[in-house]
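In the two complexes that follow, chain A is the common piece, with chain B as its partner first and chain C second.
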Partner chain A sequence: MVKVFIYPATSLILSDMVARFGHTPLSSATAIRERIQTAGLESAPLQITPDEPKKGLKWAAVEVPAGVRGRMSLYGPMIGECEAAIIINDADLAFGCMGCARTNELIKFLIHQKEIPKLELYYPKNEEEGVKFVAAIKRFLTELGASK
Partner chain B sequence: MTEYAPTHVGTVTKYVVVESFDVTPADLALHAYEISQGAMIKETCFGIVINGKEEEVDRIIAELRKIDPDHIFVKDRGFPPGDARRCRANLGGARPGYNGMEHEMTIIPYISHGLEELKNHDENSIPAPENPMEHKALDIYKLKKLIDAQES
Partner chain C sequence: MTPPVRIAQLSCGPEYSGIQHEIDAAAREVGGEIFFPDVALKDIRRDFDKFGLDVRSPDLKLTIARAMALVEGRVEADAVFIATCFRCAEAAIVRNELRRYIHENSKLPVVSYSFTERTTSGTLLTRMEALTTIARRRALLARETQQGITLGVDSGSATTKAVVMKDNRIIGTGWQPTIEVIKSAQEVIAHALQEAGITRDEVQAVGTTGYGRFLVGREIHADLIQEELTVNSKGAVYLANRQHGPATVIDIGGMDNKAISVMDGIPGVFTMGGICAGASGRFLEMTAKRLGVDITELGPLSMKGIGGRVPMNSYCIVFGTQSLVNALAAGSTREDVAAAACHSVAEQVFEQQLQEVDIKEPVIMVGGTSLIEGLVFAMGELLQTKIVVPPYSQYIGAVGSALLVSGFIKDD
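Moving on, here comes the complex of A and B:
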């Protein structure tokens, strides 16, 4: 079982595909759950405390906005931990404020820097592309399983 | 600042999303209630949300998947069901994060079709999809065709 980072990290399709073909998806829900279930000071809604931008300094410099560093404290450890990654490019749902946009760029950059198996895709736009999309993911994840 | 005392510690929450002509969220919820041993199950418009110990949640999901494996999709959730910080009932409007799921719900029929097709075909016999890392230059003949189309 390989830990696979998925991007967009909230993707239902990728999360399901990775788990369906026998691996562990690393998604934002698991990072949020960790914070939601840890006692401390109340910091609604996501329990992101002022400590998170400090932790984010590991992945982004001090002059980078706190929003990016705070987000990186969620995604950074997962990028460090992952053994493979599946990235969907130009995902319509992966938009947001500049904090999200810059974090997304940094996440992709860090994954591309890391020497791990990666699969780059677009969302399918019709049934034919859907077959190719699922086949590519299955092939990628089966090869990962075989190499372990 | 007030102290934060978490609830549902040590549990996991998962979404079970159904996009099927044969199975409704109510069918899934009913079946989940039948086989559940202490897990919290909430029916929603797109499927169900299950909260409980990881082994128990995984067991229920494995059983539910058997009903319609190509049309049932599962994803982790950070918050427990009905959490006031996320629940639509408290906030009004769509739950934060629902928009992403709503977008993917439009793509799920293609994924389901892909999963059905892969039952009959070997994945290695299917060509690879378009690679986003390949920056294709615009073909000169295609450019000429576009210019001609504009001029005519």
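Moving on, here comes the complex of A and C:
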């Protein structure tokens, strides 16, 4: 069983696929809803306190916006813990998204820095790409299991 | 029971900054209710494309879609609060553009703010109060003449002012540095009443504003206790005789600065800065002290100098003062140093606050610092316009308060 960080961390589909292949998804417990009635697209499930942006200083300096540091206090430890990662670029909002582009850049950079198995894909634009997309993820997750 | 004022929050980052509950608390305290305009996920892309600002952050795309829903009437609100992370360039662009878009395309009052994890409900309180006042008291703010005998008290962070008005004229004033909030208020009231030649019993209605408004208001049984953003706007256009059409009000205070875009005497967009003392009247007080002159002499002194001759390397009140001391030690004249200090304050307000409101003429400067000619001159140079300083500008809050509270006079 491998701990797999998924990006976007709010993707329930990715999280579910990782779990089905017997691995542990490292992700956010937030789903993107069809109607947005919260402050952000992926509002935190728990109350974030002003201490979280301070904890985030481990990953981003004080001149980095508080919202980035607050997010990093949640995702930074997951990135530290992960043994593999799946990154989906340019995903549709409904597939899963994270509200802050600057945080997203930092998260992807930190994952790229880690010497772990990674799968990086672009979100499919049509059915044919969709089939290849799912197959690539399945293959990656299967190989992860075999290597373990 | 009065229903709460519904304040639409357009934001990026407050939850992950840990300050959403502070925003909620500030709104609740002044009878407001924060809500997030409901938009469908599928509509975000459409609205965001239509607006045409190609930002990367999904939460900023959501914010744009929400602003469009408000302007197009798909979601109803009484006021708008735009908030994004401090130091985020992408968010700052969105914040400014949305503020302008909403102001130009709707009648909704807007305030924008950039927060850090240290933002508290206390910091936001006056801004929220102004939003709810504009939404709830439009009829009161529409008042253009003062009637009867009224008293206005402005309990500011640096000075306390009182004004007695009768039949649309100022007949008594009182002014002194704020030391003990209530005692200072009582003393300026006594002075204003004495100058007016009337007794407290003859006063028909009393209003308070400024930092100490609640404390003083309770003590003197005020009929109207109102924040200084709306009161000062009203006082400014009243004294400058510009009650109709657009105007911009600038009030550089002892502790914070206000820049307000006004239409027909009612604030539309406003900002309030209070992070840096280097951009406040306090810096000019320190400069006057260092130059060995009274604050009232700083203005004439600065008008004789050329600020550009003095290198100012910092906006900080401590290091800025050090620059002035160094300049004096290097042989700069007191006149040049005074002018440089005025320019420094004006430039900071120009760079940090006036970019957040739409500058429309006339530009009216009020508050005690508007009596410092060098500061008014520097601001006029930066804005390339002639600044209007109305009579009694240092009593602006007290005058606005006395004017507005005449709406509370009960018919006998």
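Annotations
Just so it is clear, the second predicted complex is superposed on the first by the 124 of 148 C-alpha atoms of A that agree within 3 Å, B and C clash if a C-alpha of one lies under 4 Å from a C-alpha of the other, contacts with A are read in each partner's own complex, and residues count from 1 in each chain.
Here is the rule we use: a contact is a pair of C-beta atoms (placed from the backbone, for glycine too) under 8 Å apart; a residue touches a chain by one contact, two chains touch by 3 or more.
Quick caveat, the model's predicted, so the values are computed rather than measured.
Contact with neither chain B nor chain C is seen for A:76 once the two complexes are overlaid on the shared chain.
Within the superposed three-chain model, A:99 lies in touch with chain C and out of touch with chain B [touch as defined at top].
In the superposed model, A:136 makes contact with chain B only, not with chain C. When the two structures are aligned on the shared chain, A:43 is found in touch with chain B and with chain C.
Within the superposed three-chain model, A:33 lies in touch with chain B and with chain C [touch as defined at top].
Shared-chain residue A:123: touches chain B; no touch with chain C. Taking chain A as the reference chain, the count of touched residues is higher for B when chain B and chain C are set side by side. On chain A, the patch touched by chain B and the patch touched by chain C overlap at residues 32-33, 35-41, 43-44, 47, 93. By the touch rule above, chain A contacts chain B in their complex via residues 8, 10-13, 15-17, 19, 25, 27-33, 35-47, 89-90, 92-93, 120-127, 129-136, 138-139, 142.
Contact residues of chain B toward chain A in the complex are 1-6, 8-13, 15, 17, 73-79, 83, 85-86, 96-97, 99-101, 103-104, 107-115, 117-118, 121, 123-124, 126-133. Of all the residues in chain A, the ones that touch chain C in their complex are 32-41, 43-44, 47-54, 63-71, 93-94, 97-102.
Residues of chain C that touch chain A in their complex: 9, 11-21, 36, 38-42, 44-45, 55-60, 62, 85-88, 90-91, 115-118.
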